[in-house]
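Paired with chain B in one complex and with chain C in the other, chain A is shared by the two complexes that follow.
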Partner chain A sequence: MTRLDDATLVRLRDALREPDLSGTRYRLLGPVGSGGMGTVYAVEDTELGRRVGLKILDLEDAEAEARLRREATILARLEHPGIVPLHDVGRLIDGRAFYTMKLVQGERLDQYAGRQHPLPERLRVFLRIAEAVAFAHARGVLHRDLKPQNVMIGPFGEVLVLDWGLAKVLDEPRPGANGGAATRLRLPGDTGEGTVLGTPGFMAPEQQAGGSAGVDARADVFSLGALLQWLVGEGPPAALRAIARKAMEQLPGDRYPSVAAQAADVERFLDGAAVSAYPEGLLRRAARVAARHRVALGLVAAYLVGRGMILLFTGH
Partner chain B sequence: MSRVAVALLVGGTLGILDGMTAWFTPEARPQIVGIVIGSMIKGLIAGVLIGWFAKKVNSLPAGIAFGLGIGLLLAFAVAAMPQPSGKHYYFEIMLPGAIVGAIVGYATQKHRGPVPAKAGI
Partner chain C sequence: MAHSADERLARGFPPTRHSALAAIRGGSEEDRRRALDAVAKAYWRPVYGYLRLHWRKPHEEAAELAQEFFAHLLEKDLLSRFDPARARLRTFLRTCIDRLAAGEDRASRRLKRGGGAAAVPFDFEGARAEVEKAAGAAEAPDVLFEREWARGLFAAALERLRGRCAREGKSQHFALLEEHDLGAEAVPSYADLARRFGIAATDVTNRLAWARRRLREELLDLLRECTASESELREEARALLGLGEP
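And then the complex of A and B:
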């Protein structure tokens, strides 16, 4: 009997794991990436002649399938340029559930941040992420797993927030309930109370404690604070450090009340304006205002110096 | 407020202030009213041109450069005017005039213009 070497075994295992797409409109192109729940493949939509991403469970499992379907349902309600759009859901011939989405090309945020980018550019990327998350919050969805690996930067600078597998749907009024009491919408695969979900370092303390009930938009504010701190690296300006610190306060009540408020502070920082998280004294305020209007001040100073020199040297 | 209106306002105001600096020159004091009015008109003309440029080009460096050029040109025209004394104060008029033009260019480009109305249903 012939023994198979390790490389052959790996190839065989990969071949076995590859999805059988017969009976669907998709043709397999190759794997793109994998996570805890499943694998994403690049496939060709043969009907529309375009490449899309296909996310599929690694194993047939009822709970995982419910989660995958739940993620698809959440993605379907989040139509935003910063959130990867869902195209289709279905089931393979082997019974595994899948969904297809836009094939996201580009680089992950951790790869992007590994190169030298000016601080304003990094902050603009952060604002795009915050915009997508704020949109999801407005639709009653918390991401709960914001981290550099879950953000993609496209070749044209587009920023996409990925992996909504741990997302939580907040209480919201049932459609058509005119002003009635809020009713909790439950989706298949909703995470139960006491389940710890997220990534250490980017996860809010209340999320780490496993209390899904106490988690609200401020948990994403915390994660975005951690993301901001990570994105700007070492030695950022004090005002920016203060924004990240406020977002990462231990108690949710001490954080920004919303992602929009947090993003507004970052925007103010970018504009050279005062940020709410960083009280400043008169001197520091004067220095900031002078820095913000340095061109105007330079021109006025040039005028005054010019006038002074004319008076001094010509007497006119 | 439109960019042209801002340029006119800033140009006219700075023109008045620039003309008032003639008070520091004793021999020019008797003509100060004429100088201030002339300087204001120069500022308004510069404002119209700089405002028109700002409507076409949205660039701070280009706006400052254009303002500098217009200020320099108009100040040269004023300085070249025949004087009773026969003397021309090119440097004394053109240096501040150019910088004032640059300030008008800066202020106009910094102004974002009127906010477009949102479409309603």
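And then the complex of A and C:
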């Protein structure tokens, strides 16, 4: 009879969770992270001599495999600096599906935000996220699960939007059509209508209601609004609060029509310009303009003071 | 390049064995006995361990109660009352044990031990040392039962694998697994194992991978026999392999 103490049981479990890379070009280095249905491992691509990330299902499961392959298909069409590039997809000898991608290193947004960063830096991170999402929208893909845990900040400040496992593919423009006609593209593993997917707190109300059919780009606008609110923390300037509030309106029609419009408002805020979500009174506008042009105003004020002194002491 | 999609690999868990539980409702006497055998194989250790650790029964009494428990399952046809839509088998069995151990069902205690029990050899003496080693930590009953359940299934899967390796002339594969994954002390390197077994390091890699792959299969087969649906199988497999909730 085989004797198994607790430590051996843990070791065996670890061994059986590991991907069986027999017959592949990959060599296991170690786990990187886990979540949902799968785990990401760092592996060495022995043919190219580089380290890559390997995402593998925890269990052999036809439904989960369809979703993983679907995620891979979506990633393959999204070539953008803010989205992890896909390298390979397949099934291991142990029956589990996998894909390989660039090995993402750095820290998750929730870890990043736990430290002190100036507001403009946080907003620039937000804009990088918004750029990647806007790009995906332009390719007909909604993320549908934007949250701090799904964003990675690299060691050189690069920002990557991760985990496209819940993404939805919208109507895709037909090649050659002048932007008018569209065909519905379905991918294997598409989540059914009425399935509630996403993360509470960051999920748009229409997504929570389970209406996949009615969800469009404005659901991601909502999530980005929640992300912005979370990222800037307590007591942000009123104009920023207004941007987040507008993005998180209950009705999609009351939100920004697109991520690009939302990002443009954040950029305007960074530039000290008026934001569309925040109507200003005369005094507020004067204060903002003064703050925006404080150097020039300081010079003018210094000049005027100087002239006044000259006038006072010389009489002309 | 990754291993190509192999048609031999079923989409989903390899369906090499069917669920014994799924056939139990409305099944024949033979079906019920087969289901009980499968359950007994997977659960005798957790039942014994649970009686020892949670109910603080001494070895002799726990072994006797565990035997009675499986006889009780058959006599009372309790498994046919199990509804997978309402609970996991694990939870159902734990409730039955609690009832038996608490003496709520005294009639069952009068059953002749072994009269109707499954034809599974229970090595209580072998399990004794492990259980006594785990004693002392205060744990919730469900946590304790789950750990003993996992230990029991892993042990049973290892026994199956040992038998399979012996039949297929692959005893060295199993020996490598024992040395690398089941050893008491420091994990030996592949180079160490290669030297000790007089084979190439790549052979160590391949044979160990084969043994782990087959062990995983045996484990999931055992689990399949004791679950009633694919979704229950998936949930139980996650628990068994120590994976978090999806």
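We adopt the following convention: the second predicted complex is superposed on the first by the 299 of 316 C-alpha atoms of A that agree within 3 Å, B and C clash if a C-alpha of one lies under 4 Å from a C-alpha of the other, contacts with A are read in each partner's own complex, and residues count from 1 in each chain.
Here, a residue touches a chain if its C-beta (ideal position, glycine included) is under 8 Å from a C-beta of that chain, and two chains touch if they have at least 3 such contacts.
Just so it is clear, the structure is predicted and the values come from calculations on it, not from any experiment.
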item	value
Chain A as common anchor, with chain B and chain C clashing or fitting	fit
Chain B versus chain C as contact partner of A:95, first or second or both or neither	second
First, second, both or neither for A:314, with chain B first and chain C second	first
First (chain B), second (chain C), both or neither touched by A:20	second
Dominant toucher of chain A (residue count), chain B or chain C	C
Partner chain(s) touched by A:115 [first = chain B, second = chain C, both, neither]	neither
Contacts of A:11 with chain B and chain C, given as first, second, both or neither	second
Three-chain overlay, closest Cα atoms of chain B and chain C, distance in Å	38
Residues of chain A that touch chain C when the two form their complex	1-6, 8-13, 15-18, 20-26, 34-37, 58-62, 64-65, 88, 90-95, 98
Partner chain A, residues of chain C touching it in the complex	1-6, 9-14, 123, 126-127, 129-130, 133-134, 147, 150-151, 154-155, 158-159, 162, 181-182, 184, 187, 205-206, 209-210, 212-213, 215-216, 219, 234, 237-238, 241-244, 246
Complex contact set, residues of chain A against chain B	295-296, 299-300, 302-303, 306-307, 310-311, 314-316
Residue ranges of chain B touching chain A (in the complex, touch as defined)	21, 24-25, 28, 60, 64, 89, 91-92, 95-96, 99-100, 102-103, 106-107, 110
